[in-house]
């Protein structure tokens, strides 16, 4: 019975829950979300792929001739170790966190170095 | 059913009272439990074997995923183990930040447990309210580390993120709100006789049994034994921070509730002390990405929210650990819970099991999901269907 | 450091009680940590002796494949009732690679039951006198000869062996 | 003439106040229950199906009807199939004996209160057989618990129900429902006010006891012991799936209507009200209030343990119920 006053007090209050897909809370500042690869900065050292605890990163080519960078989001654990070790800050984790997809292809992020200056638009590969 | 009136009830591997798969084979006589036998292992993922083929930095994040609730505990204890083996000196500020994260994790784990315990006795209203107020702590975790569950805060040689002055203010404010609420819930539980009826003299573990069965953590302290790794074997900054080891001598579920509530108040005080006394300075020392740990062995103990956690590292000088042993607190409490269940009612099974705050993912650690060859291991729906059809043909008669 | 003196005293007392020839090796790398290696036949006596000296809590038992045998470490902890003087003593016992076996300590410390079963699961040490050595972490129907934490079992070999026995 | 009367009868049975109305109303009350329960817990509850989620119980029902219906190989097939139908039919039958749209029930007859109490017992019997026939450990434990629980709350329930019957000097629910409006229509003298106040107090006690017993009958927290989700999965219902589960869910919703209608009829004057508002509106208002009371109790307590429940019932509620009957007898004497 001890809880009755608390219950009645909350009858008139707004529910604490959110109507999620319709109401969204802003992501916290430091959230580690979807990756962004800056092709112009990358020197293709491969350190990111080497430290990745989930073996989620693949490099297309090595060194300055690097052609592309792939991260498998289904394996990725979002630890941001890749961004941390990158000597030239070419990897960035954005705050985009609603990454669920219907198949594995949809959540494989493939970045390609089309033009050296503006190649950081993610392209989702569909199977 | 045999000659007696005994009857075996399986609790698990899937059961609404268990938040993670494990199995208890319960022998009952009417509504009384006569015998209980635990069989963990359903979440065995092979972490220990996997660690032997990964570098220390990779292992850091693997260790974090041993358990979702106490991710900071496993991760930081791994850092301590490796740092001790390497003889690394960690900056003071980093240790303070680690302590703050550690105690925030205790707050969120204990309040989560309190909610689950309320749910197990069918008090869903209390469960919703506690979990609502737990969000205060989750939001703090999120704003400090970036994510809610796998915080990825500590690293070998320090911590990865600093706590800014604005954040300090937010943490203080959040703690005040949370403390107020937990005070309310504690007084509520002590007033509500219907809750106490389900908790007093239920799941009794005598102090003698608790010591003999090597119980750990709040389970042990609720049996009146004053033992806490933070006080017995201080790590991080616990040799500087004043705090009390909370015990209660009821030996039952109710005293486990009280001990955890009291521990939350102590944790709040520890965090406040750390916030006040946190020195300025660097938060990490640089370590090589592919590090070699000299040939040595180290044992590190840690007081996780659920109890004593022990990590043992044996290194032979390579870039990967030679052997890494993890013992999570729940495994230490399983013999106790088997003892506690005997003599209780079927209706008390969930709350008694929940009272040790079991975390079976921590307990079961190993397998062989190797990402490179996962095809061999993960069945697609067609394989699953074929298997189930075969199984039915064999077993349906 | 004065803490170390009483650590040394614990080891000295142990050497006295067990006979110094049975205590093969010991080290105190830092305060609150003691490593002692003893002969396997003295294991039960040592545990009994240490239990009388308040090392009554088995934190865990680790089995380590060291190449020429299996080392089993009993991490025994002395609790200090919140006084900051807890000590963890790791008791090291070595047994042969072929048919490894050790006496059980569950009759003295019932809390060690699951830890001994776990060591049996992973490195195959048979604890003589243990009431039930059925698997605790590994699934039922796990092949009897595969002890996954032995160094000779590579992950690929375990997978191959498992597909042979038809486990999942 | 005969054929129109017959057609009217058929419409009454099938549409109003018969099956269709009852089902619609039952699902509405489920929504009220869920929504109120959720608001007490500071959450939204059903929100997206229809206005404020009012169609959610319909969606759940239709979803369950479309699901695969599995009968366990070991189950007693006939009994297993019969239980959901019986479980749905009994509360529907009860509803025909409780006044809804005027002071008379559809098939009211002298002594129908006894039949209704008997039918509530029969309902628990069907629960027991449902658990037993599914040959599942949890099912059997749940069924046994239902029977055990019934033993403890049946006597206070019968005593509480008999109270108004004594005052109304009738065993017909319709007469009991009509009784308060007759009594309180009389002159106001100090004596009648005093007796009236005493009656209201005594009847409030009776209402409390009857509500508790109805919560136990409905298997809702704190007496959801037979289905206790965290203990025995969902007790006697554990093996039911698909259409059978849909019928069980519908049955328990109509049981909620029946329980609140009975609470209304015995203690709140049935569908009759002082103002010129149609009785069916009064019925809806009063039963909704009863459901809100049940929801509130549901949000307030943890689940009792079976032994605690029977101890509590026998040690506290049964003596109170006996005292209540004594008080009612005294009231009847002075009235």
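So that you can tell them apart, the chains are marked A, B, C and D in the order they are listed, and the count of residues begins at 1 in each.
The working rule: contacts are C-beta pairs under 8 Å (C-beta built on N, C-alpha and C of every residue); 3 or more make two chains touch, one makes a residue touch a chain.
Nothing here was measured: the structure is a model prediction, and the numbers come from that model.
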Lowest number of touching-chain links that must be crossed from subunit C to subunit D: 2
Which of B-C and B-D has more C-beta contact pairs: B-C
Distance between the centres, which are taken as Cα means, of subunit D and subunit B, whole angstrom: 44
Subunit B and subunit C, separation of their C-alpha mean positions in angstrom: 23
Subunit A and subunit B, separation of their C-alpha mean positions in angstrom: 27
Per-residue multi-chain contacts in subunit C, two or more chains: none
Shared interface positions of subunit A, touching two or more other chains: 1, 3, 7, 16
Multi-partner residues of subunit B (each touching 2 or more other chains): 125-126, 129, 132, 192
Interchain pairs in contact, sorted by label: A-B, A-D, B-C, B-D
Subunit B to subunit A touching residues, read off their complex: 54-55, 57-62, 64-65, 125-126, 129, 132, 135, 139, 142-147, 150, 152, 160-161, 184, 188, 191-192, 289-290, 371-372
Subunit A residues touching subunit D - in the complex, by the definition given at the top: 1, 3-4, 7, 10-11, 13, 15-17, 19
Touching residues (chain side subunit B, partner subunit D) in the complex: 7-10, 15-17, 31, 118-126, 128-129, 132, 192, 194-195, 197-198, 345-350, 396
Footprint of subunit B on subunit C - complex, ascending: 29-30, 32-33, 35, 56-60, 62, 64-65, 73, 75, 77, 79-88, 90, 109-115, 118, 122, 135-139, 148-149, 155, 158-159, 163, 168
In the complex with subunit C, residue positions of subunit B that touch it: 39-41, 44, 46, 48-49, 53, 84, 211-215, 225-229, 231-234, 239, 245, 296-299, 301, 308, 310, 312, 314, 322-323, 325, 327, 331-332, 334-335, 364-366, 368, 370, 373, 376-377, 387
